[in-house]
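Below, each structure is written out as structure tokens.
In the two assemblies presented below, subunit A is common to both, partnered first by subunit B and then by subunit C.
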Partner chain A sequence: MSATQTRSAEGAAAAGGEHRSRGPAGPDAGYNFGYLDENTKRMIRRALLKAVAIPGHQVPFGSREMPLPYGWGTGGIQVTAAVIGPDDTLKVIDQGADDTTNAVSIRRFFARVTGVETTERTAEATIIQTRHRIPETPLHEGQVLVYQVPMPEPLFRLEPSVTETRRMHALADYSLMHVKLYEDIVRHGHIATSYNYPVMVNGRYLMSPSPIPAFDNPKMHRMPALQLFGAGREKRIYAVPPWTEVRSLDFEDHPFEPVRADAACALCGSRESYLDEVVTDDRGGRMFVCSDTDYCHTRQARREAAE
Partner chain B sequence: MMHDLPHHPHPDPPPPAGEGRGGGVSGGACPLLAAHGLSLRYGAVPALDDVSLSIWPGEVVAIVGESGSGKTTLLRVLSGLLRPEAGEVLYRDPEGAAHSIHGMGEAALRRLHRSDWGFVHQNPRDGLRLGVSAGGNIGERLMATGARHYGCIRAAASDWLRRVEIDPARLDHLPRTFSGGMQQRLQIARTLVTHPRLVFMDEPTGGLDVSVQARLLDLIRGLVAELGLSVLLVTHDIAAARLLAHRMLVMRRGRVVESGLTDRVLDDPQHEYTQLLVASVLAA
Partner chain C sequence: MSATLTAGFADPALDAQRCFRAVLEAMARPGRVQRIAAGPEAPPPLGPAAATVLLTLADADTPVWLDAGPQAAAWLRFHAGCPIVAAPGEAGFALACGAPPPLHDLAPGSEEEPQRSATLILQVAFLAEEGGWRLTGPGIEHEHRLRVDGAPPGFAADWAGNRALFPRGIDLILCAGDRLAALPRTTRLEIG
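Here is the complex of A and B:
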């Protein structure tokens, strides 16, 4: 809720603003490039290489203290810090928006400690760090999508023992997750999981896609971009290499269905994008708008140009 | 008192466990599971002391003995849940290939446990998911072996509730709303739904009222005959062994002191400990 409010406050200001900007005046000389020291970045890159080699498998890493509290995307920030170079262009989104407090502060942080260019345009970014969404604009080869992950273990609500979940992964024994989906259908008539909907990666590992809406799950399947996941508090990294098969768990007679509100965006008219419900006044007025601000702005600009 | 002895599935009774060097072949068939020289001690306590046994397809073998005699330990070693200090357990798969239970990896053993084998625990709480509906409990093994059609899983679960004499209207109910006897029957349904070849049962009627026990034993007997199951049945209860088992083993302090066809052991016990056991049941 607070995210939506923050967004409506800052969003208006940012809507007409610039899409691209350069870091203040090159990186702040007081920090190593990317804030982390070179040894730490190498350690994280080694974990990333292993994660890419075993798609969907959680790799432990020595998570560092960051100048932000856990819950603010410290896992994603460390991954971004480990892979970012001076020629990269960074985009940061939170719930699809570039202009929320969280996204703005992470973008400023990287501008300051790397001096790289930042952008709000999905197509122009080489690295996109995200919390809770995958951009609507299809990603292309060469791009990297970095997810902030609060809880990397997809089985943790079902099986509290870490030893046991590790064993389940080792043996690809995921019947417990199917039992959970079965119970969903018993109770609700359908699979009532709309966020963090579990996926099988490369036909082998069960993976948490992080708390993105189930609507975004199909975008992970055979995505041309590299997908990296960082969980700071839980000290885990995992990855989905480009073009990898990512399937949402389901039943033959209850197939996975990505759901979105049955409405058009009030700002750009999109009937394809994922929508947020926004409170417009204090008398209960509401409207649906795209959660992906860049997608929505781009469509609005195109519409204005056509008029 | 007359007992209706179970008909032995093999025309030539197999040799009693531990007898016959080249044993294992009887009437042309091979044992499903064969154990040799199993030993395991807990500190100074010999929980298992040089135990050998075999079980043939379609056979029910009862393991009886007083508390602490090593019955549960034996079942856990035979099913690969515990590793013995000495001895070996061989399992023959449907293709006829023999596998060493303690030599195969954990993954292969788990596969065996969720496909070819079943385990029924004394306490249904150890064998059920209490927070999952009856249908989900029965469906789990189906899903573990690849079933992905919700409607078919439900139909199978519903059918199994009927087979264990639970009203299929309880399909979506949680097992914690079931009586102890119903929970145990649900555990049996959950275990048998994938048609395992070999089922390990550790005191399946323990902790239940006597009248409920009798009904459950009848149910198990019917299912065993219908499905042609092989069962290793651990029990305190001589009457249960008499009702269900083709053969029995009598254990004491980790050793098998007597074994043979159930009627022979119970009607003509050779070992003095067996004589004591049988006498105490008759006296009770």
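Here is the complex of A and C:
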């Protein structure tokens, strides 16, 4: 269901079932609020403001060492740390789930260094940090969605030179990507990209949506919430302001189509949500369940209440 | 601290976070007016919003140009540690309490690095979310209205020229007393 987890840097064990909690007694006095020092926060904040002003453009920043290894969302963590305040309520998801080791570690980290409230409920969160999914519950104006990004450059598989990709963005020359998608169609009869599907932001910049399923791409379009992206290893920040046009690249005769498994969730019955295929036993038994655990739990609870 | 210098932030981490969040919200939703909680005691003509924004965002890495006089410059240099520059074109942040420099005198960034552009902090007499400018663009669902009293004459034309530079361009933070609003370079402005 979720990606394989390595050991937790915080020594946190996965713990499900905590729906809403407050840091033990405010932030740990041993840390500056939000862990980062004020100089680093200011630098990240300036980068964030420019990123919002130039939707989809990658802004370089001086990424810092974090107490979690790269691949654990250090870019997203630094963005969250620069934005979060005592009045926020934080939700952290990893491929839709609140209870993986990665999500639990990041949530505990922020509870410890800020003392903020945390939640698993999408609707209650003011900041949602995510790895590889957009929640099913539509986001609203008061919310900020922070994506953990492993590779911010959408052209990197097609053009390895950073100097070249920078020039292509400057000229809005995205013919390489169009050719790649067109070759997909010639070879497979359709565009064979099911996640990290490139988008155009505000009709100007080609942007990587991070490795979310292409199914989630339409949720980025004119989203009422602010979307911020942090890539720690690659030292880039980018953003999509609220209500901004986000289009998945496609062709007139091969329009973009978000795909999901043609099944209902085995737990809540949803036919709208994005599904993960889960192995249920060692004899090859399988079932489909929602990847968004909060969405699925909420629907199950509603169904039980109705019975 | 010198006797002529008034205090900066009471709680640097939390005061800066609160102000940054207001500026981020303002930049993400152009024309929405934000209020700054109790700000530092800055020397006049520096108002609470403009002073708080500068303490939140400026430091040794950001050259600042300002027209607010030597006392305000000294206060800012002491609390933010930022270099003060004489030419608006060299500034990362330009603060105008009086008539601002023309937008094309400020650094617009390059096509490859449009983020290396100046942010103009313009102090005006009054800001409100009714009447006045009609704003459209990213961050705005349909249209936001912003009343700005004390904007320089000819500003709308100057802004249209700035917008035409996209992705290069200046971003604007308007401050009035404890209120602020922002116009990123993407915002289309029509006089109401």
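The rule we apply is simple: the second predicted complex is superposed on the first by the 290 of 307 C-alpha atoms of A that agree within 3 Å, B and C clash if a C-alpha of one lies under 4 Å from a C-alpha of the other, contacts with A are read in each partner's own complex, and residues count from 1 in each chain.
The definition used in the following text is that contacts are C-beta pairs under 8 Å (C-beta built on N, C-alpha and C of every residue); 3 or more make two chains touch, one makes a residue touch a chain.
Just so you know, these numbers come straight off a predicted model, no measurement behind them.
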(request) Have a look at where A:170 lands relative to subunit B and subunit C in the superposition and call it first, second, both or neither. (result) both
(request) Please work out whether A:127 is in contact with subunit B alone, subunit C alone, both, or neither, and reply first, second, both or neither. (result) neither
(message) Let me test your reading of the model: by the given contact rule, A:103 touches which partner, first (subunit B), second (subunit C), both or neither?
(response) neither
(request) Please work out whether A:178 is in contact with subunit B alone, subunit C alone, both, or neither, and reply first, second, both or neither. (result) first
(request) Scan A:186 for contacts with subunit B and subunit C and give back first, second, both or neither. (result) first
(request) Have a look at where A:278 lands relative to subunit B and subunit C in the superposition and call it first, second, both or neither. (result) neither
(message) By the touch definition at the top of the document, which applies to A:251: first (subunit B), second (subunit C), both, or neither?
(response) first
(request) Using the superposition described at the top, determine whether subunit B or subunit C touches more residues of subunit A. (result) C
(request) Have a look at where A:90 lands relative to subunit B and subunit C in the superposition and call it first, second, both or neither. (result) neither
(message) Need the overlap of the two footprints on subunit A, from subunit B and from subunit C, as residue ranges.
(response) 167, 170-171
(message) Taking the touch rule as given, give the residues of subunit A at its contact with subunit C in the complex, in rising order.
(response) 32-34, 38-39, 41-43, 45-55, 57, 59-60, 82-86, 141, 166-167, 169-171, 202, 204-205, 222, 224, 226, 241-245
(message) Quick check: in the complex, which residue numbers of subunit B touch subunit A?
(response) 106-107, 110, 114, 129, 132-133, 135-136, 139-141, 143-144, 148-151, 153, 172
(message) For a test of understanding, state which residues of subunit A touch subunit B in their complex under the given definition.
(response) 167, 170-171, 173, 175-176, 178-179, 182-183, 185-186, 250-254
(message) Quick check on the complex: what are the subunit C residues that touch subunit A?
(response) 12-14, 16-18, 20-21, 23-24, 27-29, 56-57, 59, 61-62, 110-112, 114-115, 117, 119, 138-141, 166-167, 169, 171, 184-186
